[in-house]
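Next come two complexes, and both contain subunit A; in the first it sits with subunit B, in the second with subunit C.
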Partner chain A sequence: MKNCYINGMGCVSAQKTFESGFLEEIHLNETENVLFAQQPSYKEIIPPAAIRRMAKGVKMGIYASTQALKEANLEQPGAIITGTGMGCTEDSEKFLKAILDNKEEFLTPTSFIQSTHNTVGAQIALGLQCKNYNFTYVNGAVSLESALIDATMQIGNAEIDSALVGGIDETAAHTIEMFQLNNSIKKEEDKPYRVIGSHSKGVVFSEGAVFFALENRQTETSYAQIRDVFTQNILNPNQAQAFITDFLTQNDTTIDQVDAVVLGYNGDAGFDHFYDAAGSVFEGIPQLYYKHLSGEYNTASAFGLWMASHIMKNQEIPAVVSINDCRKEHYDTILLYNQYQGKDHSLILLTKC
Partner chain B sequence: MDALKQELKSKIIEVLNLEDVAVEDINDNDALFGDGLGLDSIDALELIVLLDKEYGIKLTDPKEGKTIFQSIETMAAYITANRTK
Partner chain C sequence: MNKKVAITGMGIISSIGKTVEENFTALTEGKSGISTIENLETIHKEVIKVGEIKITNPELEQLLGLSPDNNFSRTAMLGAYAAKQAIENAGIVDMNEYRTGLISSTSVGGMDMTERYFYDYFEDESVQKYITAHDAGDSSHKIAEYIGLTGFVSTISTACSSAANAIMMGARMIQAGKLDRVIVGGTDALAKFTINGFKTLMILSDTYNTPFDNNRKGLNLGEAAAFLVLESEEMVQQQHKKVLGYVSGFGNANDAYHQTASSENGEGAFLAMQKALKIANLQPSDIDYINAHGTATPNNDLSEGRALIRIFGENTPEFSSTKAFTGHTLAAAAAIEAVYSILALEHGVVFPNMNFKTPMEEFDLVPQTTLKTKKINHVLSNSFGFGGNCSTVIFSKN
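And now, the complex of A and B:
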């Protein structure tokens, strides 16, 4: 089996991750229950004729993927594999609203064409003129992880040498309203919105696009090696510890060998006990979180992977993402655990190159 | 006719989301497709829907589109002659 290395990354998120260094400029939010992504200037990388038809998610995806490829010095990836939980909701809403408003007449093509879940992967391929394998996973909160599994298997089996993998989700007005109605988004009275120690249900909802240029060879730009990715749709809280220890055993890794664990705490008191259970496995080991920076969305775990990769390369943990005060001399093995609303559990194991 | 031309320019900018293009930037005789405004086949579909929705004109012969959508001038002339609303 060939190894799989993260050799380039691009991140558009609620933080200014698209231009500044690793978490150098941070905005800590405790007052907004929806966090919108900080938008870079797209005009430099997307032709005007194309940009006018693109919704936010497509633009964010193209920007992040361009950054990842540029950093890895990769022109034609062997595969473009994306993950999205909600797809292009902005154009889907526009198209569906037009159907209702115009009584099923006068339907225009643009928003329909751009509303499909694979629009981001397709637009990246069009921009690169890349006719290689192109696939989009729409598997809720394990969409990114599904894309990673596909890429690591293809690279591992030497079917391809490289892959561009990303997670993209965008907010849209009606979807936000729906999530507020079903209490998936925190209420005004739940302020201040804290992720650790929260007693309220729901999350601070957000959006973003993070891309990774993966290759079978280690280069000067390598961040980390993806050792393994595992997903499980349903898990009882009392199975969370075994879920993690079994995964580590399968990867010949002991708990003591894990130098840091990244937990997907999102401040939803209804489900964060999964992370409490996971964290109890790693006492005395640095525990990190990130959704106070990124907000929650189906592919927010991509932000976690982006953060863990930076930590592994820099060998340093920023205080703003620490849950406990533990520190290690080296960060050679990092484990990421994520779930959403008690479903779509995922584990990613990273090791130092 | 002048008011219709202004209205058309404004609607085209809005419907086609022509960022960085203002009504003043479009001359009445500028080509809409190709070298002029640079519209493409998807835009043509949007313009057909625009004619139907706003002016009650249904284009049944696609060949007609080439002549009608040449410029704002030709569009305005066709709308004036054929509009039902």
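And now, the complex of A and C:
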């Protein structure tokens, strides 16, 4: 079995993360129930005509993937594997609205063409002229994790030497309104919005694109090694602890060996008890969160992985992401746990290179 | 040497039947499922033909025994129906006795409900339950819930090659020892969204689709769901399972040519077939039947034909597209065609490429137009999608 290393990353998110560096400039939000991703300048990497045509998700995906490949000094990845929970929402909405508003007449194909879930992966392949394996996973909050399982399996099995893996989700106006309607998004009266210690339902909704350049070899730019990724569709709250400890056992890792645990708390009082249960396994161990920075969306866990990878490389935890005061001398093993609305539970085990 | 991946069960619902047997009968008797739309409101009703399943949503709810407050999209219902058949066919009683996964695929997920209630959501509280049924993953969660599966559940959406990729990922997970068995396939319901989408691309035929014919006018959309149960060789031996066939090879490549059109020389298709043959450790001459993607669009059939010639030369084995029977069922296409490929292996038959009259002027490829009986050991099945996504799966008897 070959190892799988994260050798490059690119991150477009609600924070100013699109340049290199790590959370130097943070904006803490307690008043907006939807956070839009901070947009980099695209003109250096995408032709102007294409910038106008492309939906936000595609642009963010191209940007983040370019950064990841550049950092890893990788030109042609052995595979391009993306994850997206909602897909190309902007173009889907645009085309659907046109159908409904114009009673199926006077339609043009552009937004339909760009509405397929694999648009980002396809556009990256087109840009790189990369004819290799190209998959897109679309399973809610385990979309990115499915892509990681696929990539680590193929790298582990020596089928490929490298893979470009990313999670992308974009917001779109009508979808936001629908999520407000069914209370998936927090209400105005629930302000100030907090992720830890929240008593209200729903989340602060967001968007973003994070890409990882994975390789079977350690390099100067390596952040961490992905040891294992595991997902499960549903879990009873009382099974959360066993879910985690079984996974660690399978990876010959004891609870004491975990130097930090990254929990996907999103401030939804209806489901954050899963993280409380998980956290209780790791008393005295640094517990971290990130969705107060990234907001919640189906592939927000990619932001969590980006954050954990930086912490592993820097060997330092920024205070802004800490749930408790615990610190360790070394961060050699980090565990990430995420779920959304009680579904799509995932675990990622990272170790130091 | 890769570990063997056995197929121990399959289930299907399409416009030519709601069981494997009904589909087989229609394929052998030349009965097409292409008709005029009945279950969907669209202004294109009279001008296009589709492979529609003549079962309404309330009837499907009843067939599945769903409670009135359910929020299954049609996509999820079709998927649940086919997946249930597949696990029964595989003789699975206790769903979670072994590490079991579900990898489904869909192109538009719950779009059939979203397009119906897009504006109504804001007026009518009773339909708001369908808001969360929109995303692709929801249909897979519903299927898993319906068959009582707890474990690995994922969904692939790479347009019209999706289900082939679900089979591929499932086979890999079995080979890697991550799962003991996995239910793989795809589901897609007809929707105004896709009908109008393909209409704007001007690749919908106004009559019956004619794959690989020189005068082909485009595709008929269809709806369907199909699932296979894949199991490891250890599981098969341990439980003395009947094996329907094996997934012996698979390959995915990207055409990297255009967002929707296929390249002129069929590069992506060529690479996908080449990879699949390599993994299966087979020569092109070992393939006994090709179930082609053959959508009957001018672009696909030319590109695929050229790729076939690049792999097989001018003397290709018997090939046919079964889309004249079912229409193009998008993300489900590779799953229903996997079922047909396995039926071809099982019964030693090549299904006819219906509606073919005139060979294409660009090459001498002529599909098999009548039902043909022959010994079949290996079937190669192609599926291609938007975004240059090209996939090939090879099914073998042993």
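We take it that the second predicted complex is superposed on the first by the 352 of 353 C-alpha atoms of A that agree within 3 Å, B and C clash if a C-alpha of one lies under 4 Å from a C-alpha of the other, contacts with A are read in each partner's own complex, and residues count from 1 in each chain.
By definition in this document, contacts are C-beta pairs under 8 Å (C-beta built on N, C-alpha and C of every residue); 3 or more make two chains touch, one makes a residue touch a chain.
Remember, it's a predicted structure, so these values are computed and weren't measured experimentally.
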Practice problem: Classify the contacts of A:I113 with the two partner chains as first (subunit B alone), second (subunit C alone), both, or neither. | Solution: both
Practice problem: Kindly classify A:H330 by the partners it touches after superposition: subunit B alone (first), subunit C alone (second), both, or neither? | Solution: neither
Exercise. Please indicate which partner A:H199 is in contact with in the superposed arrangement: first for subunit B, second for subunit C, both, or neither.
Key: neither
Quiz prompt | Dominant toucher of subunit A (residue count), subunit B or subunit C | solution = C
Exercise. Using the superposition on chain A described above, determine whether A:G140 touches subunit B (first), subunit C (second), both, or neither.
Key: second
Quiz item: Looking at the overlay, what does A:R53 touch: subunit B (first), subunit C (second), both, or neither?
Solution: first
Quiz item: Once the complexes are superposed, what residues of subunit A are shared between the subunit B interface and the subunit C interface?
Solution: 105, 107-109, 113
Quiz item: Quick one: in the complex, what on subunit B touches subunit A?
Solution: 15-20, 38, 40, 42, 45-46, 49, 52-53
Quiz item: So in the complex, which bits of subunit A are touching subunit B?
Solution: 48-49, 51-53, 102, 105-110, 113
Quiz item: Where on subunit A is subunit C touching in the complex?
Solution: 80, 85-87, 92, 95-97, 99-100, 103-105, 107-109, 112-119, 121-123, 125-126, 128-140, 142-143, 146, 149-150, 153-154, 156-157, 174, 177-179, 181-182, 184, 231-234, 298, 343-344
Exercise. Note which residues of subunit C are touching subunit A in the complex, please.
Key: 42-44, 102, 106-107, 109, 111, 114-115, 118-119, 121-122, 128, 131-132, 135-138, 140-141, 144-145, 149-159, 165, 169, 172-173, 175-176, 178, 192-193, 196-197, 199-201, 252-260, 267-268, 271, 385-389
